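Take a look at these structures.
In the two complexes that follow, subunit A is the common piece, with subunit B as its partner first and subunit C second.
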Partner chain A sequence: MQEKESDILLDIKNLHTYFFTDNGVVKSVDGVDITLKKGSTLGIVGESGSGKSVTALSVMNLLTGTKGKIVEGNIHLDGKDIVNISEEEKRKLRGGDIAMIFQEPMTSLNPVLKIGDQISEAIIEHFKTSKKEALDKTIEILKKISIPRAEKIVNEYPFQLSGGMRQRIMIAMALVCNPKVLIADEPTTALDVTIQAQILELMNELKKIVGTSVLFITHDLGVIAEICDEVVVMYCGRVVESGDVLSIFKKPRHPYTEGLLKSIPKLGEHVEILESIPGNVPNPKYMPKGCKFEPRCSKSFDKCREEEPPFFTYSNGQKSRCWLCKKEYGGEV
Partner chain B sequence: MSKVLLRTENLKKYYPTKSGVLGTKTEYVKSVDGVSFEVKEGEVFGIVGESGCGKSTLGKLICNLIDKTDGVITIKDKNLSKLSKKEMRDVRKDIQMVFQDPYASLNPRMSVRDIIAEPLIIHNLAHGKEEIDKRVIELLRHVGLDGYHAQRYPHEFSGGQRQRIGIARALAVKPKLIIADEPVSALDVSIQSQVLNLMNELKNKLNLTYVFIAHDLSVVEHISDRIGVMYLGNFVEVADKYEMYKNPLHPYTQALLSAIPLPTLHDRRERIILKGEITSPIEPKKACRFAGRCWCATDECHNNEPALKDMGNDHFVSCFQAFK
Partner chain C sequence: MAKEKELEEKEEIRTPFKEFLMKFKKQKTAIAALAFLMLLVVFSIIGEMIVPYGVDEYDYSSVLQSPSQNHLFGTDEFGRDIFSRVILGARISLAVGLSSVTVGAVVGTILGLLSGYYGGFIDSVIMRVCDTLFAFPGTILAIGIMAILGPGIFNVVIAVAIFSAPSFARIVRSSTLSQKESVYVQAAKSLGASDGRILFKHILPGAMSEIIVYYTMNIGSSILTASSLSFLGMGAQAPSPEWGLQLSTGRAYVGLNWHMTFFPGLAIFLTVLSFNLLGDGLRDALDPKLTQ
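== the complex of A and B ==
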């Protein structure tokens, strides 16, 4: 499938983000390509340490002040480079064209500021409106995402709200400037299932109303199946598989994706022993030379140890980084 | 019929909170409010519920880690509140706990050997360095680790391995009952299944009984024989896992089942989206606990409290609508 240039909203190419720590270089993101189409929701799934959050932070340009740095690669938003721009331009972008929802609604809201002030801040910053206008707009947005008692809530503090409510406030805050891209980093992980269902439904509705494209980061394949159009599976700082959600759930092409899908207990399916992926994620300092998943893979062979596989692209657009996809080794590509 | 290992009757835990202008008014948070249930030997009893429903408090009560407000806990027909300190110590040996956070529940300054040896020494189960070392290595092998891990410290292990150490520590005193409070929720999916499989294997090998507490219904369903769904301090439904999945009677269980995102190919379902959030456990008024969020609540539900009732097939539910 060849996408038209104009369909692509966010284009991450060959992104390398390294952290230069006192104990050496940690290659958190090591050659990631992700394209987000207009109006679609793309899920990034992976275990802790796979580099999914660092990818998001790189897009948001939020690495300043950390030991992390984008050492190679490009990120384009609507055809415009957003890596090599001035700090001033980056400020305009953050919260403007790209907004982010964080995992912990408890810690990402300022506890000593009223809800109304926190949301208005972005409006005042980006649209240079008066305080009064900003507050009116805030209430309008809160109503749009069906928050009850919007007029009262703007005068309350985060501690007065429940976790689900706080996450809704975060969503409102992200949406005030009509962003083109919304990055949601594990937005429902800290919430209870019934509240998670509410938030997922809200995000689905918003996508229809506002038309924002969403980059949805999660470790929960269930959530991916529920709201994403496309999926990117990350492992050890790399994308190992990508494609549309149906193809990947129907026929995962990478042994890691396959293992992940099989290792989740499924409701109503009663098995004595769960299939599991043996071993642990390798230490970033001692990465295997070939395929990064090889030490845990049950299907690995000599080639995997010698050389890291490139991407093999299937006719349905699904891509997988596994030698077994190659015709030479019994695959189809 | 296997024997009943653990039984609770009308178990309660209230926490007082002060309110009013000068803190003059005392209200109670009814964390666990009249729980009665039984766990048979060799059974895995799963407890699910959302945060604040009292599931962890219930686990701690059973382990006698906190004092109960009222009610009876019996283990192997021994009433825990009628035991002397010494007798209690013996019973403690039979109940062990595995905690949620493998990063916080292991002392970072103790080597793995010392962590696992501690219960052995306290309960006088092994004497002399040699015997203790031998037993520690045996326990480590039980949980899929190796003898050489004994000299290391917790920070040298990954989350999954730490949880294995926590399990080894619990197994050290040869318990009959293990209370596992969210043992896999801090772990990554691929590691989660390893630990679940290990727990299953140990249960069969060592003839253990589990009370498995979690918020994730699919995990609980996988490992348990029977499941109790908790809401605001008490069970709203208790049933065999097959029965619970096929025929959930309580609206809350139905909503919970429908809210879980399934990692499978399916038409995106019409879900039951619950309105609102869990209400405050402070002095709930006399009504069905779930009535405020329930879509089929009637006047009866708002004015009376349903008790758990056997609907046949060992399927207990507390819902006026289900009784009909």
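== the complex of A and C ==
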């Protein structure tokens, strides 16, 4: 699978984001490569603490003010470096070319501001329009995503709306400026299943209308299957497997991905206990020397404990960071 | 669907402001305090039109008279009507109280926002200055500042403003610190909002209820401080009808002519009490945690 350079919209290369806490350095993201193609949706999956949200925050440049810092690596948007630019340029990028939807719709809207004010804020900021024009545009957008009573809702406060409605408002806020990249950080986790389906449908629809590429962060593989073209599996701040959705769901190459897929309940199948991956994510301070997943892996052998595997690429573009793959090739391990 | 719409329209939308009004109406003492303060405001606006005598109306034929029909609160050592002077003194006390706390609140709020939002060096500097100011008892600090600035009612405003600012800075800082980490501030940042916009449009409204309550409570205590300064001869100068100054002159006659100190003292007491009660009522009505 050869990609043309111009097809790539967001290119994260060798990203290292560390948090410098009082208890030492936490390597939240440790050498991540992700490429997002124009018009496609890429899913990032992983357990809590795997570094998927920190990757998103690094792209958004929202780490200032925290203890986190990008220590190495590059992020390019449309071929333009977005790490080594001034704060002011970063700010213009946020909400303009890159926008983000957050996990908790209940807390991501300011409780003391009217819905209309919050949405039109971004319009005023990026298009320098008058308040009146911004509000008109806000109502237009709300109507576009078929929110009922749009004229009334702009004068209401977040507490008057349901969770699903708030998440729709968040999506509207993120999309007002037609961003090139939309980062969705677990946008459906806090919602119930029927609303989840509606939100996903809405995002799919908007993607077509606005032409935005989406970076979809989740721990729900069902959602990934629903919406994504490609998927990246993260574990302990590293990408362990990547490829297009179909091939990964059909034949996962990394034991971790396999474990994740096995732990989804299947419809129409009666099981007493769901399969799970034993153990926990290792403490960042006591990372295993070899493969990070080795202590929890049922298929591990000596080589896994000694050396961290590199990526092995399959002919269908699927990549996996596991020594087993080399064995499959017939390599000596 | 039509029925649903009907229901929706019938149900009154409870905006935060309406909710606040509903709760505030239940606070009877606060309403009474507010009424008294409104009366004071009216007095200070149209005072000259309702008082029977002027502030400087000397009458040497009736000095140091006890309360009577002619002089409701009696007269002072120059024969001036104390009732008229107490009513006209309301203007000075209210003006000093309001303006000093307003200046203190604005300065303190801005410092608190900067301190909480940016942290680091700015935070350390602002907070250490506040700590230093906190180390002095309020009145002593005001006396110190007055000693530098010299006596006069305008300098009282500055002195009181300086010592009320740190409290506002602390309150706003703590609110800013907790809101800074909130998802809605992150969300606003992710939409490209500038620092100024985040501070004044997203964080300040969230801190507003605390500021309003503290503002109201603080007016009472700053009126008290301003009166103390005048009592000590550092604030308003004779022949001003300032309440503290009246107390000060009446002090010499307190054994025989109780009315000279009693009525200005009562005025100070009631005004400060009203501001405190109003503040309590506002706090109960604004604090979402105190819902019964």
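Keep this in mind: the second predicted complex is superposed on the first by the 324 of 333 C-alpha atoms of A that agree within 3 Å, B and C clash if a C-alpha of one lies under 4 Å from a C-alpha of the other, contacts with A are read in each partner's own complex, and residues count from 1 in each chain.
Criterion: a residue touches a chain if its C-beta (ideal position, glycine included) is under 8 Å from a C-beta of that chain, and two chains touch if they have at least 3 such contacts.
Small disclaimer: the values here were computed from a predicted structure and weren't measured.
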Partners on subunit A (subunit B, subunit C) - clash or fit: fit
Partner chain in contact with A:Q198 - subunit B first, subunit C second, else both or neither: first
Subunit B versus subunit C as contact partner of A:L10, first or second or both or neither: neither
First (subunit B), second (subunit C), both or neither touched by A:V112: second
Cα-centre angle that subunit B and subunit C span when viewed from subunit A, reported as a multiple of 10 degrees: 80
Comparison of subunit B and subunit C by subunit A residues contacted: B
Smallest distance from any CA atom of subunit C to any CA atom of subunit B, in Å, after fitting: 8
Of all residues in subunit B, those that touch subunit A in their complex: 50-51, 158, 160-161, 188-194, 196-197, 200, 215-219, 221-223, 241-242, 245-246, 255-266, 268, 271, 273-274, 277-278
Complex contacts: residues of subunit A adjacent to subunit B: 47-48, 162, 164-165, 192-198, 200-201, 219-226, 246, 249-250, 259-261, 263-268, 270-278, 280-281
Complex contact set, residues of subunit C against subunit A: 13, 15-16, 119, 180, 182-194, 197, 201-202, 205-206, 208
Subunit C-facing residues of subunit A, complex: 60, 62, 65, 91-96, 99-100, 102-104, 107-113, 118, 121-122, 125-126, 156-157, 160, 170, 173-174
